[in-house]
Amino acid sequence: MRREAPKSVADYAPLVFPGFMLVAFFVVPFGTMVAVSFFQRQQGGFYTPAFIFDNYERFLSAFFGGVLGFSIMLAVVVALVCVAIGFPFTWLISKASRRVQVVWLVALLSVLSLSEVIIGFAWSTLFSRTAGITNLLVWAGLMAEPRALFPGFGAVLTAMVYQALPYTVLILYPAIVRLDPTLTEAARTLGASPIRAFFNVVVPGLRNTIVATLIMVFVFALGAYLLPQILGRPQHWTLSVLITDQAIYQSNMPFAAAMAVFLVLMSLAMVGLTLLVGRKGEAA
Amino acid sequence: MKKFLTTNVSRRTVLAGTAMTAGMLAMPSILRAQDRSIKVGVYGGYFKESFDTHIFPAFTEETGIAVESIAEPTGEAWLVQLEQAARANQAPADLSMMAQVAMLKGQASELWQPLDLAKISNADNLLDRSVNKYPDGRVCGIGAVAWYITLVTNTDVYPEAPTSWQALWDPANADRLGLLALVSNSFLLEVTAKTFFGGTDHLSTDEGLEEVFQKLAEVKPNVRLWYRDEAQFEQALKSGEIPMGQYYHDVTGLAAADGNPVRSTFPEEGGILDSGSWALSRASQKAEEAHVFIDYMTRAETQTLMSQKVGTAPTIKRELTQLTDEEFAAVSSDIDPIIPRYDLYQTRDDFLNQKWTELIAG
Amino acid sequence: MTGLALKAITKKFGDFKAVDHVSLDVPQGTFVCLLGPSGCGKTTLLRMIAGLEEPSSGQVVVDGRDITATPTHKRDFGMVFQSLALFPHLNVGDNIAYPLRIRGASKAEQSGRVDELLKLIHLPDFAKRPVAKLSGGQRQRVAIARALAISPRLFLLDEPLSALDAKLREAMQVELRQLQQQLGITTIVVTHDQREAMTMADLVVVMGEGRIRQAAPPVEIYRRPADSFVAGFIGSTNLIAVESDSIGRVTALGTALPDVAMVDGARMATLSVRPEDVQITAPGEGVLAGTVTFVRDLGGTIETFVDVSGTTIVAVTTPRDRSDLAAGQKVGVRIPAQSAVVLKS
C-alpha cells in the first residue's frame, strides 16, 4: 500500500479532532500554566499579568533543588521497584489459566478504584504501632514489641509502589500476553532452564515495553502528593506537595505554576534521557 | 448534639480539597421558595450540614427570607472565586463565612461591601475582636463562628494533663507530637512568641521573628507527624500512636465524650482562637437581607444554639449567652486566648511560608 | 539400536484424549514424518517427545534411557517451531550460538561452530545480520542451524515449512532431507502435507484421532494403505464399495470382480484403486461399463471422470495414452486386481 501525501485541505480533516483535543486539553492548560508562572504575585491578594522571572528565581535554591532531587529519586525508585515486581508477576499471571488471569486482573482493577486517600490511611494503619503489622510479628514471636513503621521513606515507598503496581501490570499485561510463547519454549529446547529463558528471552524481547512502563510509572509517581505527606516526614515531601501548598493554601499561583513547569520539564528531560539511552542500547 | 457531631466530617480542612469541593460547589440546596432570599456560603461538610439543620430553617421561618446555602472550600480557593466573580459583577454567594486571612486579602481588593452596624441591633453583643474593619474604620465583617486549637493529649499515655505549651519542647516528648503542617493554619509562631517571648507582638520585627523561628526549630525532633488532614491526627491521637499535639478543642471534647482516651487542655498561655466572619460580596444585591441575616446570627439565642448544636465558640460576650459552665467549657475558655497575627499572613505571607517550609522540611 | 521408543503414550486434556496409547520404535538415523489432519494429536506427540508437554501415561525412551521425567532443557534435543521462534533481539550468529552459550562454550568455539553451521545451510557471512532482515527461507535455515548447533540426539520439527510459499517449500524439503542424510540424525517432522512426508520420510506415521493409523515407508503407505482413512489421506484414490456373496464371489457396482478376494471372509468392504491404476477401455471391453462425465486436461496428465452406476471413478492418464475422450462417451473401465486394495470397512 502506498501512502500519498495530502493534497487538499480536506485531506487534513481527520487531524481536526485530535488536534482540537490536543489544544483543548493540553496546549491551553499548559500554556496558561506557563503564562501564569511569569505573572507578578500580589502578596495578600492574587496575581497580575506581567513577565517577570521572580518565581523561577525563588525556585532556584538549594532547598527546592533538594526537594526536586528527592521527588525524582523517589519516582525513579518507585518505577524500578514496580517493574522489578510487576514484570515477573505479570509473566506468571499470563501463564496461568484464563480464570486465574481474570481474577487477578479484576483484583488489580479494584485496587485502582481506591483513592490515594484511602490507600494512604490504610497503610498508615498497617504501619502503626498500635494496630499495625508489627503486632502480627510480635504475636508470631518474631519481634519483641510492636513498632511504628511510619512516617518514613519505607512507608512512602511501599504505599506508592502499592498504588502504582496495578498500572504497571495493566501496561505490561497486553505486551506480555502477545509475546510469542514459543520463544521461551525454543529457549528451553535449546538448553535454557525456565528462569534463564525468562531472563534471556522474555526480558530482552520486551525491552521497549519495559522502558515505556518505567517512564509511565515514573511520571505517575512524580505527581504523587498525598502519600508522601500522609506517610512521610517533611523531608519526604515531594515537589508536588509544595506545589499543592502554594496553589491551595498560599494562593500563590505564579510560584506554584513555576514549580509545576520545572517539574514537567524535568520529567520530559528524564523521559528523553531514557529514550536516548534506549536507542543507543538498541544500536549497540 | 452528639448525633450530628459524631459524624466526624472533616470540619475546617478538606483533604484533597480541589476534587471534593468542586463537586460540592455545584450543589446549592434551596430550603424554601420565597420572594426574598439570600445565598450564604458556609464551609462544606460538617458546618453546612449543621447550619442547614439547626440554624437556617428557624431563620427563614422567622424572617421569611429563604437561605440558599452553598458549600465553600476552605483555603483561599473560595476567595479567588468570589474575587473573579465580583469582577464580572457576579456573586456566587451574597454572604460568605470567611477565614481571617482571607478577610484581610479581600479587604485589600475592596471585595467586601461595608456593613452598617446601625442596622444590626445586636452589634453591641459582639466581642471587639469579632468585628472586622477596613483600615479607615468601615465595618466589613462580623464574627460568625469561632473555635479553639488547644494542646491535646492521650490520657492513657499522659495521666497528668500538661499545663503549658512548653510541653511541646520537652525532650521527654521526642517523636511524639502531631502538629499542623502549615504556617498559616498551625499558628505555632504565635504560640512560641506568647510562650517564650512575652506575646505575639514579638513577631512584629525581623529580629523577633528570627528568634521565634529558632526557638520553634527546637521542637522539630519531637514532631512525629506534620498533618494537613484532621482525621489523620485524630485517629493517631485516639490510639495513642501520636499521644500529644495541637488540635481542635471542640472535636477533641466530642471524642472524649465518646469514650476515647483523649483530652483537650487550655494551656496557661491560652488556646489558639481562630474564627470565621460573615462578609458580603461587593457584587451582591442583597445588602438588606444580609443585614437581617447577620443580626439574627448575632443574637444571644442563636449564638447559644450554635454553641450547643454546632460546637462553635460564641462571638458575642459570654455573659449574654445562656450557656451553662459545662456547655461553655465544651467550646471555649476564660483564659486569655492566643489571637493569630493574621496581618502577618497577609503582608509577609511568602517570607513566612518559605522560612517555615525550610524549617520543617529542610 | 533404537533411537527413540514411545511406549503407550497417552495425553489427556480433561476428558479429551489428544494422544491415545501411541507406541512407536524409531531406529537411529531414521527420518520420521508424523502425518495427519489438524487435531490428530501429532503436534502434541512431538511436544511430549520434546518435554514441552507431560504425558498422562506412557514413556519416552531415547537410546534405551527413559527420559519421560527429564525437563526439556536437559534433553539435548534440537527443535524447530512452526513460528521458527528466532530471538528477535539477537542477530543470526547469536541465535545459532545460543545453545552453545547456555552450555558455556568459549567464544572461539561458538564462532567456529556458527561459521560451520552457516556454511552447512548455505548462508555464510550472515552471522552479523539481524534476524528481521532475513527472507522467509533464510529464517527457516537459521532456525534449523540453531536447532542443530549442539549436534542433538534428536531433531524435532513442527510444521517447519508451512510458512513458506509452495516453490520454496519443495526446495526446502529436498534440502532438509539431504541435510538429515548427511548428518545421519534421527529426525521427527510433524506435517499435514502428505507430499512433504512422501518426499522426506523414511517412515511415515499417519495419525488420526490421537492414534497411529499406519506407520510404514512412504511407498507402502501409498500402495498398501491400512484403511480408508490412510488411503484417503495419502494421495487421491477411488473408493468403491464391494460385497461378496455366500460363495465368496466379489461384486462391485453390480459387476463381478473375479480376481479380487475379501479379507477375513468379510461380506462388505471398500476397494481402493489409485487413479493412475484405472484403465479406460473401449465400450464393452472393460469389466465395468460407464459414461464419461468430465475430462480435466492438465497438459501433463488428463483426469477422466467416469460415472459407473452412480459412482464416479477417476482415472489419470497421460495424453499419449488416450486423448480422444469427451464427456458423454460410453467407455469400459478395467481395475487391475494387483493394484486394487481391499480395505476393512
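Letters A, B and C mark the chains as written, and numbering starts fresh at 1 in each.
Please note the rule applied: a contact is a pair of C-beta atoms (placed from the backbone, for glycine too) under 8 Å apart; a residue touches a chain by one contact, two chains touch by 3 or more.
Keep in mind it's a predicted model, so treat the numbers as computed, not measured.
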Most central chain by CA mean? A
Chain pair, most C-beta pairs within the contact cut-off: A-B
Could you find the chain whose CA centre sits the greatest distance from that of chain A? C
Whole-Å gap separating chain A and chain C, where each centre is the average of the chain's CA atoms: 55
The distance between the C-alpha centres of chain B and chain C, rounded to whole Å, is 88
Chain A-chain B separation of Cα centroids, rounded to whole Å: 36
Junction residues of chain C, two or more chains touched: none
Residues of chain C defined as touching chain A within the complex: 50-52, 71-79, 81-83, 85, 87-89, 98-99, 102-103, 146-147, 149-150, 156
Residue numbers on chain A that touch chain B, as the complex places them: 41-46, 58, 63, 67, 116-117, 121, 124-125, 128-131, 148, 151, 226, 229-230, 233-235, 237, 242, 245-246, 248-252, 255
Any idea which chain B residues touch chain A in the complex? 15-18, 75-77, 79-80, 83, 104-105, 108-109, 181-182, 184-185, 224-226, 228-229, 231-232, 235-236, 239-241, 346-350, 353-354, 357-358, 360-362
Contacts from chain A onto chain C in the complex sit at residues 180, 182-183, 185-194, 196-197, 200-201, 204-205, 207
